[in-house]
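Take a look at this one; I'll ask things after.
All chains are identified by letter, namely A, B, C and D, in their written order; residue positions are counted from 1 within each chain.
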Amino acid sequence: MKKRIPVGVLAGTGAVGQRFVQLLADHPWFEVVAVTGSKRTAGRHYGECVNWVIPGDPPPAVADLIVQDTQPDLDVPVVFSALPSKQARELEPVFAKAGYAVVTNASAYRMAEDVPLLIPEINPDHTQLINNQQANRDWSGFIVASPNCSTTSAVLPMKVFQDAFGLEAAIMTTMQAISGAGYPGVASLTILDNVVPHISGEDEKLEMEPRKLLGSVNQNNVHLADIRLSAQANRVPVLDGHIASVSVKLSRPAEPAEAIEALENWQPPAICSQLPTSPKRPLIYRHEVDRPQPRLDRDTENGLAWTVGKVRECGVLDLRYISITHNTLRGAASGSILNAELLVVQGCIKM
Amino acid sequence: MKKRIPVGVLAGTGAVGQRFVQLLADHPWFEVVAVTGSKRTAGRHYGECVNWVIPGDPPPAVADLIVQDTQPDLDVPVVFSALPSKQARELEPVFAKAGYAVVTNASAYRMAEDVPLLIPEINPDHTQLINNQQANRDWSGFIVASPNCSTTSAVLPMKVFQDAFGLEAAIMTTMQAISGAGYPGVASLTILDNVVPHISGEDEKLEMEPRKLLGSVNQNNVHLADIRLSAQANRVPVLDGHIASVSVKLSRPAEPAEAIEALENWQPPAICSQLPTSPKRPLIYRHEVDRPQPRLDRDTENGLAWTVGKVRECGVLDLRYISITHNTLRGAASGSILNAELLVVQGCIKM
Amino acid sequence: MKKRIPVGVLAGTGAVGQRFVQLLADHPWFEVVAVTGSKRTAGRHYGECVNWVIPGDPPPAVADLIVQDTQPDLDVPVVFSALPSKQARELEPVFAKAGYAVVTNASAYRMAEDVPLLIPEINPDHTQLINNQQANRDWSGFIVASPNCSTTSAVLPMKVFQDAFGLEAAIMTTMQAISGAGYPGVASLTILDNVVPHISGEDEKLEMEPRKLLGSVNQNNVHLADIRLSAQANRVPVLDGHIASVSVKLSRPAEPAEAIEALENWQPPAICSQLPTSPKRPLIYRHEVDRPQPRLDRDTENGLAWTVGKVRECGVLDLRYISITHNTLRGAASGSILNAELLVVQGCIKM
Amino acid sequence: MKKRIPVGVLAGTGAVGQRFVQLLADHPWFEVVAVTGSKRTAGRHYGECVNWVIPGDPPPAVADLIVQDTQPDLDVPVVFSALPSKQARELEPVFAKAGYAVVTNASAYRMAEDVPLLIPEINPDHTQLINNQQANRDWSGFIVASPNCSTTSAVLPMKVFQDAFGLEAAIMTTMQAISGAGYPGVASLTILDNVVPHISGEDEKLEMEPRKLLGSVNQNNVHLADIRLSAQANRVPVLDGHIASVSVKLSRPAEPAEAIEALENWQPPAICSQLPTSPKRPLIYRHEVDRPQPRLDRDTENGLAWTVGKVRECGVLDLRYISITHNTLRGAASGSILNAELLVVQGCIKM
């Protein structure tokens, strides 16, 4: 594989966009050759107009690019979208119609019936919705979405329990990092020495997205999984790493030991082994009573692992657990890149 | 009331002990005339050997006291105990046997059948257990305990719902302040930019103590309330203020509006109005979507209020809510002082 | 004194404006009867449009006020200005010309030759510049300014040393709280687990304002004190309280013990005793090796004290010290209120 | 180079010891085959008794080692010492006498006349003191020390300025990370929302160690550089990365531009290029007004770089600057490993 697929990053100057740019710098299959931005930045060199908020510096090759308007005249077949939700709603269909593969992290089309809401480890078969999507909408391109970062943190153990025991209900309380709000995002005066029990729209996403991720695809439609969900999202003074504290009701009650065994024995779908950035161990179960912790566990497997712990009996439902993921890596940019890799392997994106 | 009741503070040099000393400095009914400490501090002036970790300075009258051994030879009828659990287990009975009223914040005897676990706003009648306690154990004094600070944060809305609708189950996730661990307590390297999903023994307390607080006393025995409980306690980088995120199952399902009305109309037992430090509004319901927050709400009513918010439907059980209290005030020292005031009004402590 | 002076707060909905509103709620001499705001808020009830970012709630009397445009048609003789610098530059002269006493916290006119830059404990005589200011500018009102909050934290020990030993130079490094940047101010992603060695314009203010505060007024002109100054301002993850780490060169070298004695014996000008919110002990010297600390010392004397410590030999200049003040109280709103009180006592504002 | 040099880590279970273990896991020249610990841990498997406080897990090869007593019966020629100062004072000479090369991070012998205080980029020639040390003390082994982590952060720009312009004096204020205090180190109740202007012994080290590092070695004696130093060390709520805010007096005054040029053109001694973990760019000058920052810059060059910025005129001395380094990497474990590599290249440690 000599030549990399040229890709663009929509809203590449924002916090999530920067993560895409950083992570794709040495990617074996993709090469960033276009970056779009706002009116303030369009026409200027990326390296000069970006307010780089993550450690390190912009990769030199991208720093030299001229930021473009977010219009479908980029000379690439694939775009990664870090657009804010409102712009995504308007612009992503424009790109999809114009033939681009739009791999998005935005929430705008996550729950659209014909848009795959995708985590390769969980539902790689959902990409079959793309055919339907293109037919329905008369698009030559398509949109594939990643779930919300808090959904991501909670959902993999649900998948494992669904497969092993059946899953009927889950009650979630999350503790979410400030980087999930982008930049400038949460004011320091708001969050230092504090917890804010509200993130706009987050409870609703947590109560809906897992049903699609854990649903089935049949005749090109998604059937949402029949799982009752309840969520309370909280912002905590942590830089990166979302924590989900979850109680689940199973179809077939299981002992904690059985559930831990299911987690430890779980294997991702075989296709994941073909994705170049796929983590070796996507799910790590820790037996220490005080793990997982966001600062100690968020970077495991380059920030692509779920770290799970504290599986034990729930006095009200069946089991409790704690799960964490890195919200801007697994839960955002890296997750979308993994989705794009899956689309390459499945032939939806051509090398 | 001209003369104040002389009191002692057991383990008065520790973090909770300092709170007792500070809060009692201008108390209308109690006057600290004795402070006990460890071998390191006994025999020295309090003001000189205390490592004062809260804002301000030790009250001058206490600063001049000589720290004593924790032995029942203090010339006071009442002692406030800030002893660590293990010492409390050994020493509190010694004081009770010797005739002292032991008002404790320690966990050692909280679940003992004949020891009142007391919050004046919730179960002031539980003090009738004292008779039984003295008879059972052949004590001339007695022990009265405050609940764990995380239990306190979660429990008042439970009481309101129990009275209004009946309460069958509660699933709790707490986010607890570092001051709950005392001093030095949690290492900064452990908690900065982090959350720790474990506090030793806390889940168990959260799953048991509310059943006693919400239980009934009959013929001098406590009948634990028949409520299923499930808890996950977490430590967060917040100085003061514990948050409980709770889902409840009611006997008679209620709409959120009905539940909010119950909270807003709730009145503490009449006897509370006779306690000098009793808050005017012990329960404050906030309608903002992002409240309560520990930093903004913990100090309300001198740190003695419960601030509750976010009552809404739970997709799995019946209702969700968020409740916060100040863990070292309402949840520890101030709560115990309120207990002592109740004991005075009820005649268990003589003026 | 039966009737309070009606006052207005310019930009009363911002973070500093909120402090004015809160602090003036129970003021013996002043009563807030007018609040101005931006176009977004003008015409609405203060209590409804303010995004209250400090603990507690807006005082009911002010919550009921209708926010007005920032125009000189307020029915009050005195306005406290919390305007941003750019608006202050334009609007404060309009108010002064229209006859208002403008007591400002903004930087716009601090260094104007005929505007007093005022701290009652340091240079109460500088108000004599008002006559000149009114004559020069043909104003019936006037402007009196408070210094920058970081200047305030550093300057009182300089004053004491200037009086006792003569002061030739000072090298300052500050560690400043996030509340100094207002709301939303510093992004949490910027400052959590971090220090930012830059606050726009702050080094320049620190290197200039102390020279005016410590200067003399003669024939209605200010003579800047001849002191060489060098400053590095840093933002640290602290909510409130600015720290200045200072090395000074004296005209007459002094031993640390002598300098500490000067600090401990220092008395504010006699007129300060007539100001109702004047702290009893404006300067507190702490002998502990690890004090002052912002969290432990910022609230001393209702946030109006300077807490100073660690006076010792400087191996390069003469002496080092650490000084802290509460930046939004002593260094902003409370400081300006104290200035207004001084103007009342001096007859510049009529009761 | 087929075989790696077997090494031991003294006090390998502590926070600094863990860094040594982690960093040496894949070292091309050294291999950890022995770890010592306290009585509590000796005799147990490292992986089982260590309370691992840094991200990731103990390297498997070391996890399987049995922790040994800290006695000179380890079967290695080289030991890295992470001993606490008091134990280092007693035990390091025992190891040196017994023939070990003791590469230490402890403070005990840093200022001993015949012990090299070493940073390869600054004074690699100081290792010639080893001969004298062995002769003086009748040792077959030797001790080589790293400076204090705060000294390290401040000193490289001093070296550059000393060489370019001559250096007469420096006034330093540091802002130091909590990891510098080890584990458990600083209590979270002490440092959250706070700054502590005191670190025991640190001011003294900052005022002495740079004089040795910048001194000259002549006839096997160190001549301390004749530089006046003044320091104030502060603890700030930052995980890793020490900041030094420094004003310097030069022998020959220089413009900021000239000083920046000196920093940017500075090259480490040629021998550094032979050290396998030597950073490509040990000194990085950043031109942004708000850099360096600990969180953004501490990990540059694997945590081995000095990042410097804000060189500008000092209104009192000549120039100011800000410098940061990673305190547990450059300022501790990685710095010592670099010292050991230098000793290999110089032949003091034999491959």
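Note that in this section contacts are C-beta pairs under 8 Å (C-beta built on N, C-alpha and C of every residue); 3 or more make two chains touch, one makes a residue touch a chain.
Bear in mind that the values here come from a model prediction, so they are computed numbers and not experimental data.
A.B. asks: Give me the set of chains touching chain A intersected with the set touching chain C.
C.D. replies: B, D
A.B. asks: Of the pairs B-D and B-C, which shows more C-beta pairs in contact?
C.D. replies: Spelling it out, more C-beta pairs touch across B-D than across the other pair.
A.B. asks: Rounded to the nearest whole Å, what is the centre-to-centre distance of chain A and chain B, using the mean of the C-alpha atoms as each centre?
C.D. replies: So the centre of chain A lies 42 Å away from the centre of chain B.
A.B. asks: Just curious, how far off is chain C from chain B if you go by their C-alpha centres, in Å?
C.D. replies: 40
A.B. asks: Any idea how many Å lie between the Cα centroids of chain B and chain D?
C.D. replies: Using C-alpha averages as centres, the distance is 47 Å.
A.B. asks: Can you list every residue of chain C that touches 2 or more other chains, as numbers and ranges?
C.D. replies: Residues 192-193, 237, 239, 295-296 of chain C touch two or more partner chains.
A.B. asks: List the residues on chain D that touch chain B in their complex, please.
C.D. replies: On the chain D side, the touching residues are 15, 53, 178-179, 183-193, 237, 239.
A.B. asks: What part of chain D is in contact with chain C in the complex they form?
C.D. replies: 169-171, 173, 175, 193-198, 207, 228-232, 234, 236-239, 243, 245, 247, 249, 289-296, 309-310, 314-317, 320, 322
A.B. asks: List the residues on chain D that touch chain A in their complex, please.
C.D. replies: 55-56, 192-193, 295-297, 299-300
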